[in-house]
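Which chain is which? They are A, B, C and D, in the order written, and residues in each are numbered from 1.
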Amino acid sequence: MLRFYGVCKEYPNGAKALEDINLHVRKGEFVFLVGPTGAGKTTLLKLIFREELPTRGQVIFNGRNIARLRPREVPYLRRRIGIVFQDFRLLPTKTVYENVAFALEVTGTSGREIRRRVPEVLRLVGLEEKMHAFPAQLSGGEQQRVGIARAIVNNPPLLVADEPTGNLDPNTSWEIMDLFCRINAAGTTVIVATHAWDMVGAMDKRVVVLEGGRITRDDYGRVALPHTGGPAGRRQQETGG
Amino acid sequence: MLRFYGVCKEYPNGAKALEDINLHVRKGEFVFLVGPTGAGKTTLLKLIFREELPTRGQVIFNGRNIARLRPREVPYLRRRIGIVFQDFRLLPTKTVYENVAFALEVTGTSGREIRRRVPEVLRLVGLEEKMHAFPAQLSGGEQQRVGIARAIVNNPPLLVADEPTGNLDPNTSWEIMDLFCRINAAGTTVIVATHAWDMVGAMDKRVVVLEGGRITRDDYGRVALPHTGGPAGRRQQETGG
Amino acid sequence: MRALKYYFREALLSIARNSWLSLAAVGTVTVSLFILGFSLLVVMNVNRLADYLESSVEVSIFLKDGLTGQQLQDLQNRIRALPGVVEVQFISKKQALEEMKKNLGPNRGLLEGLEEDNPLPDAFRVRTQRADQVAAVAKEAASLPGVEDVRYGQGVVERLVAVTRWVRLAGLASMALIGAAAVFLISTTIRLSVFSRQREIGIMKYLGATNWFVRFPFLLEGMMLGLAGSALAALLVHAGYAAVVRSVTGAMPFIPVVGQDQAFFALLGSLVALGLLVGAAGSLISIRRFLNV
Amino acid sequence: MRALKYYFREALLSIARNSWLSLAAVGTVTVSLFILGFSLLVVMNVNRLADYLESSVEVSIFLKDGLTGQQLQDLQNRIRALPGVVEVQFISKKQALEEMKKNLGPNRGLLEGLEEDNPLPDAFRVRTQRADQVAAVAKEAASLPGVEDVRYGQGVVERLVAVTRWVRLAGLASMALIGAAAVFLISTTIRLSVFSRQREIGIMKYLGATNWFVRFPFLLEGMMLGLAGSALAALLVHAGYAAVVRSVTGAMPFIPVVGQDQAFFALLGSLVALGLLVGAAGSLISIRRFLNV
């Protein structure tokens, strides 16, 4: 479904974010993308929905080279991808309800369908009470969940989530991961970039590790955490490495 | 140093964020503020630096009622508080260097001192290479660290950090916590709102738990995690609770 | 249908929620178009005045003595056929003397006793449509048989022609200028208001909105703000001009003014159309650069 | 010192980094003030023309026959002392006859032989400073000893007075209007550009910046943009007006125009000052509502 061939990304200011990325995500897979801050996770995801174009190499989605899409085709690509942004990207002048509804309006969904789907998905992320609040009136975690609701509301074939639990407490984080697993089980391909190693470690999914713009590991199954959970453990590891 | 007396906060739209908060933070303390998303952590911190005013009750900082400050005194209050914002709040038209320097410019620090301090603190958070990038050219974690650098650059007597590691990988998160500990050891009072229970659990500091706008626990020492680290564990706990 | 409903709801919501921006835009449209409309009316009136002045220039064609009625008739026809001539009036020597007496006022005694042996000639008095046709008419008339002499206020007419031509040109130029300024000011304001929502536009695009889906509410919004502003401007021009005309015709009934006739309402209509157009075009153009994401 | 350096650096950096906003602001200032400046010049010129027309109105004071030189001298002094009188010219009966002959042109033969027994009276011809003083002067003069009759173009003068008074009023009113419009447009643009940086202002306040610390760079920025725009406008007005004056005096040398004299440069100076002021005030006012955090 999604393939990266020798993809490099260098930003105009000279920052090299990705180097020679080769990756194949099959339909129905659940992939964790992990790696230290600044490793290039967000950049990789941005290449998928064409926020950025690769400097070299190709990104193929459903058999089409994303860089070669004509401008008018781009919206239709994006409608097939649900995106949870690291910086939320909520529309500040729209309420929670309207923000989620927007993803449906865009595809021309009927008003009745919108009125049915939106409250349903807001209930899934636990925000039915904040339906008519504006983003500025929400806590960080609530905003993040609005972003998640918006990404899944139109059942996209591919879900791309960038750090979807960074502002959530462990309980809510697990609920969201559960939600992703259920969506995945229903057939949606899911790619999650995250720093939550504890969850990654416990969830038994494919894990792609990105470091300094390169893929350094691509495994299925439980992975060892890069630290042992405390300051002492981390220091040990540091002197050891 | 900081006292809350029967503080309530109800937002104009009717959302009750805090109810009857009584809290005393002593000079030199290190306090974790934890709790589920939407519990009121950010609201509590905003009351400290007067982004919001309490609906009832009093917030006393160094013997002065913060709500009673005259407008012209507010900047001087804020200069004594280093703040890491949950939503970063970097100045988009300033480079990383300028963003950090701004906190010093505000206090009238000399140019020489600024040129000395800023690179030093950027090195502490590992961003010396990104000094001349603009916020939009940074990864989420990098932006967060700029916010941290800015908060600590002028050695404030009180450091207030809202979710400072939400976008950081575990290694970097531990480094930042280490940094906070060292700052705390040097005499700065530190209040950190966070969802990183694993770190809170491992660090042996005072922990204030906020739930639904009320303080439900205020303990020193290691606390039990609210979940056991995996989907199975969480579900167990859920059915158990 | 459904989409249209969405577009209108979005546009109205956006106007309401960005009320400050909307007010600024409407205010700018109103002020700019009010100035434009009023200046246009001033220019129209100055032109009307110039027309009036020009048409009051006369050529006097003095005739030889002793022409027959038939000759006079022929001559009158030939003069009337000259290009630009709109009125030909016959002034007999008797009428001429009466007029001269009137003009001399207290010195009219000078002309006493001339009635019997009137030395003044018969004459035709000719009006042309425009002042710059006077010289040509005078020249043609001078070569007609039976014409003794042709006179007109040479210096004055030339001046008048120069002034009115200049006034017309200046009026046209300043209208073009003020019009361009109004368009610039309005579109700048609308650009600024779109600019402040740059991020929103980007987000919409990332959610799979087509360009037209993003653009349409902005287009509608621009048109509504433009319409509101220009309608207000038209109302103000209407009311203001009525007041001005009232006081002008009160103080100076002899001055011809452009009334609230068809041309006036055409002008108001154009103002409204301009506001609508600039609002629409301003939104479309300014949103373009943010759509490429 | 250090702070001042910081303020200037901030203002310049902000202009450079928000180049689009800055350009929009400068453009708006330039266009608005150019229109204002040019309209002001038009009004000044129309006023000058009105003055010229008014001052060419004359009162003719016809004298009784047989006054002595001493009496004439006394009379002239008393007339000169009347309020508003700027020029008194003695026209002897002989001069009057010559003039009349000239005016009659081809009909001058009418007056032949009158030289010996000239029926015309001696007269004083008086100019007043303003047309509306004519009537009063005429009335006063009529009651002086030795004066036979006083005449002036009654109907015409009254009209002229009405027109020029009206033109002056209308000029003043439209200047006030266009001036207010320019101030509104400029300050709206500056407000919009500050508005788009609302969040930044809030952040600065949360970092402990005093109001003045946040305000000062904006103030400087507003002043710089206002200055740049108004200086450009002044240059354009200067160049444009020079071109207009050249072609007006070429086409109509008889029309009095406001030259590029002291008043002209005072006007340009005021434009620049206005731009600076509105830029500064606009920033200060618009930033105020964002400072309360």
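In this section, a residue touches a chain if its C-beta (ideal position, glycine included) is under 8 Å from a C-beta of that chain, and two chains touch if they have at least 3 such contacts.
Remember, it's a predicted structure, so these values are computed and weren't measured experimentally.
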Starting at subunit A, figure out the least number of steps needed to reach subunit D through touching chains. 2
Taking each chain's centre as the mean of its CA atoms, which one is most distant from subunit C? B
Indicate the whole-number Å distance between the mean C-alpha point of subunit B and the mean C-alpha point of subunit C. 67
Which integer distance in Å separates the CA centroid of subunit A from that of subunit B? 26
Geometric centre distance via CA averages, subunit C-subunit A, whole Å: 63
What residues in subunit B touch two or more of the other chains? none
Give me the residues of subunit D that touch two or more other chains. none
Tell me the shape of the graph of touching chains, choosing from line, ring, star, complete and other. ring
Chains that touch, pairwise: A-B, A-C, B-D, C-D
Help me check something: in the complex, which residues belonging to subunit C touch subunit D? 20-21, 24, 27-28, 31-32, 34-35, 38, 42, 62, 100, 105-107, 109-111, 114, 119-120, 149, 151, 159, 162-163, 165-166, 170, 174, 177-178, 181, 184-185, 188-189, 191-193, 195-196, 244, 247-248, 251-252, 254-255
Can you list the residues on subunit C that touch subunit A in the complex? 2-3, 6, 13-14, 17-18, 197, 200, 203-211, 213, 292-293
Residue numbers of subunit A touching subunit B in their complex, please. 11, 13, 15, 34-38, 41-43, 86-87, 133, 137, 139-142, 145, 162-163, 166-174, 177-178, 181, 195, 197-198, 202-203, 225-227, 229-231, 234
Which residues of subunit B touch subunit D once you look at their complex with the stated criterion? 49, 51, 71-72, 74-79, 81, 83, 85, 89-93, 102-103, 105-108, 110-111, 150
